[in-house]
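In the two complexes that follow, subunit A is the common piece, with subunit B as its partner first and subunit C second.
Let's turn to the complex of A and B:
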């Protein structure tokens, strides 16, 4: 008979394997065509993001069709959300002649892949969040489209403090690792500058699912505003539980790093009404490029583009445009063409800063709408404000090798 | 005051953990069967309630139906598949039930998508209970009350009824029970369905608290095993005590040492294994 020790051993082995695999799925074979690698988590907990990212890349590749007299294709690479798998499969793709990569949703996989692509003299653009990507671990081959933690806080906490002069006491809930601390430090700097009392912070682990204990601490501190600094399903869980504790009626809630439509669909208007969200992208952005994209996606897929879709579409487009401009798919040539590139992007005029390869773009403060005020099924939020805030490459600690 | 908050909150969490773990424990106690698909039944319970409320079905009807449907599906699975592998070593149980769990998880993704969703608590329980500075969601209070009633009912079922006597006797010696003319095969199916139905009910009750997403079963399975290991495998009272203990530790630690709230649960489990290898109330 099985004893408890064996059971434990087996359970630790098997619980992990429930989150497992799938392979490298070539959408087009690499050959004479120019192939763009799309390393995305196509399986595992982040598979939904991967799926939409892949759709975005597929759409722009199909749309452009051909550059430099060669057919365009893409290679869907399932990273499984794991850095080691991502690196191995990117290596394989590079051996098959792929030089340009757009993908990497999780920071850990993006950091690992960026280094690998740099070693192989390729070019990589990502939407992952960690500051290090264009900060202390920046490199020649890696570009990042999304706004880092500093800008996300500057464009959400600061305007909200200005809108709510009576909210003098803020409480924060933070995941304990570099990303969370990046957001928290940026928020603390603004609190200090504006004379806001930071009445408390709860750190939690990255695997936490139950936030009622932390919310109880938050309520006991009687804040005017609750600042939620985790992301993905953890931020959804925190918000859901905060609303169930009646906190929405007692204080203003800001979720500084929301994933946009993907997340709003899981939350729904009942939870979102009156809550503030920070977002990299929203399909309601009033820019020519975005309006065009929304119309195209609605026509082709009968849906509005979400963050994963739109950002993959744009970042792949940047690689294609740069290769066309450089007249080559050679990594260093494409990198050179991308540095300093200015273009009409999803969030309006965007620019790729040459010194640290960070795209300078807007970040948005949204406010959740009541169900009765929604004009269509995706009209979850209004844009309250937006703007560009970035540390200098030196402040971000980027020393380009 | 804050510790009173955390204590009540911990009891609320603990009762849900108990509900989740007791099914696993009973199944192991009687069938000596390691059921890694237990989390999948929890997942199904949650998604059934989600699906029904999305279709406009009353939450209460969903709460009643979901565990019944899950129990039915579990009985079918037991009769068609699992019954055939009871006599095989535990590694086969794990192989088959992990496969089953993966199938259910993928099926959930195919049917409802990979993104997940939200389940609103019923309107009558949507508010908060307030007593001075003490604020607690009404729905969570309801969950504490309901699980308490269920715990008493289950205790009576296992200790005070003929079925309970058979189950307890069966966990000691199935051969002896068979010799007494009791159809142990049917009892096995009933117990398996009961255990899975309890997991389904835990999922249905947790849906308005946690929302639903396709990977929630894996997390639930982890917690259920922790509770069962601490409480002792096959023990009803052990599952209750351990469930409450885990819930309260998790909640109180959120005030004392938030970063370590989750770590403490596993540390606690480690301590129990070192000092009481059979768990708090486990048998040899």
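Let's turn to the complex of A and C:
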């Protein structure tokens, strides 16, 4: 049976069915539904993130229902996790009149889509990780909710050094590409400032699945702390192998860029106990907006919102609020309304910095709990600390065109 | 009308029909771009019997060559496309020269190894290629007085190039060179014994295939404004091979059918069901088991059945005349 979400998706599909003769192509006109594009990896290796992202977007669209006297809908766009497919489908959506997009979990597709949306005078908000999104490749149409690598390291490595004054020797494992280097450079700067000895780093490729060699090198360097700088399934694999090597007993482990609940469910409390994690979002955040969202998601979906769900919900809401404020869905008008916007967000008070379109929000240091200490099935971690750390737009190399 | 002319007319009809029946100029352009790449792959697979996993290399290099030319020089679009074509041809000559030293599974492994080699080159030299983020901001300049910014205008440009390339590939396939490739495919030892320079012919086939694939890669980069790392991944080779096999490796137009089917069906299915790759896998199994001549073979059977005034039974696994014997 079709649920409301499927119906919304199908109606969008019907409106733009691919093989309609050119003369019969539907056009968006005043009075018709306002459609928000949700370009997400619904198939391929990141499909799980895409699924929850889509659920988040669907929920806020259904909740708001209508703005500017027009019905609100959304168009789920399967990017397949491929930048080329993502750009092509965004182009198609823009040709159909969609101007507002929320999505792009992977950095490569988010960067490419941001450029495309900018070309078409739309507006795009993403949660992807690459610093360039609001850094050297920033543009007028693109906004980013997630904290860049600098803030992720500042809010995890720095507080952990302060908590563990005896941890003087750190080893890093880094994916060798721009994102990994961003995290590594930020960590090195803190090590230097705090007089920490960086006893070694292992670079690995983006396609690596076997980390035992890097972990052996790490153990040989006898560090007090292991800083894992990869993400997603790679970070889960690294942590699993590190724990099986008995490294958790010998040193402190920090996984600086964790996905949150969706990752913790795959790791489980036995692996996580005593391990530190950096996270953009955690359902246990004590903010009014988050408490409200958690209650709504529990009531509707019988689950706690994870990062993909919550961030998609919020970023789509930002677009909707901005369009309502601007009184228009035109990209430039929505962009203007979003610049400088302050609001009660998932992580407390949040602000969209006008100069580079970066959302200023908290980043969290979590610590995995023992299974016996968990209050419910999702109570995997405690929040240890949080805060806001951002480079200035100039330091981030953003030159807004 | 001979077969080659018929196939060209069919290709032209496809180029004309796509704007009439498709909503998206971008998707229509992608169909023709991959039709070029699949036809080039077919020259190796169907005509020379070489199952190459190197097509993604040439596609990716074409993307990067065009992107870098347009980003860092003031050369016109035509020059960027020409450089991409040359880059594809040069790389294919090198890959072909080394890979054809071995036959069968070792040849396939060599092309796979080269595919990984070029992928990691692109990944490592991120200052040049953009690494995982891709080469961004590739412009789509006008060609002479014709602006190509609008998707259907770009489609028209791609369609003209597609027809030129298709005609050129047909010319190659029907030339003495092309017929000799078939002879090499069917019996390499005999072709060598007759006195044909088999290695040179294979390398030349690689070069032609690489040139066309490089051009397709360049057109794709211009289409989406970015040369992503995924353009040079072995998955790209895999996709181009799947298109070629689905269409059928018997003639060049079959590749157009295969590319069109793959691109459009993938797009439709991915909009409906996130696990659409399962269906695609199932389809490949069906093609491999029951439709070894691909979609073109199925069409031929249908036409034949209609002409005979009776329905065609389920197609038996017939070994097609033009199917490659050795790899």
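Heads up, the rule we're going with is that the second predicted complex is superposed on the first by the 370 of 401 C-alpha atoms of A that agree within 3 Å, B and C clash if a C-alpha of one lies under 4 Å from a C-alpha of the other, contacts with A are read in each partner's own complex, and residues count from 1 in each chain.
The rule is short, and it goes like this: contacts are C-beta pairs under 8 Å (C-beta built on N, C-alpha and C of every residue); 3 or more make two chains touch, one makes a residue touch a chain.
Just so it is clear, the model here is predicted, and its values are computed rather than measured.
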item: First (subunit B), second (subunit C), both or neither touched by A:33; value: neither
item: First, second, both or neither for A:205, with subunit B first and subunit C second; value: both
item: First (subunit B), second (subunit C), both or neither touched by A:107; value: second
item: Touching partner for A:64 - first (subunit B), second (subunit C), both, neither; value: neither
item: Contacts of A:47 with subunit B and subunit C, given as first, second, both or neither; value: both
item: Partner chain(s) touched by A:179 [first = subunit B, second = subunit C, both, neither]; value: second
item: Subunit B versus subunit C as contact partner of A:189, first or second or both or neither; value: neither
item: Which of subunit B and subunit C A:271 touches, first, second, both or neither; value: first
item: Contact residues common to both interfaces of subunit A (with subunit B and with subunit C); value: 17-19, 47, 51, 176, 205
item: List of subunit A residues in touch with subunit C within their complex; value: 13, 16-22, 25, 42-44, 47, 50-51, 76, 78, 80, 82-85, 87-89, 91-92, 95-96, 107-108, 111-112, 115-116, 119, 130, 132, 137, 176-179, 205-206
item: List of subunit C residues in touch with subunit A within their complex; value: 19-27, 30, 120, 123-124, 126, 131-134, 136-137, 151, 220, 223-226, 228-231, 264, 267-268, 270-272, 274-277
item: Subunit A to subunit B touching residues, read off their complex; value: 1-2, 4-8, 10-11, 14-15, 17-19, 45, 47-48, 51, 176, 202-205, 207-210, 212-214, 216-217, 219-220, 233, 236-237, 240-241, 244-246, 262, 265-268, 270-271
item: Residue numbers on subunit B that touch subunit A, as the complex places them; value: 1-2, 5-6, 9-10, 12-13, 32, 34, 36, 90-91, 94, 98, 101-102, 105, 109, 113-118, 120-121, 127-128, 133, 135-137, 139-140, 208-211, 213, 215, 217-219, 221-222, 225, 229, 233, 250-255, 258-259, 261-263, 273, 277-279, 282
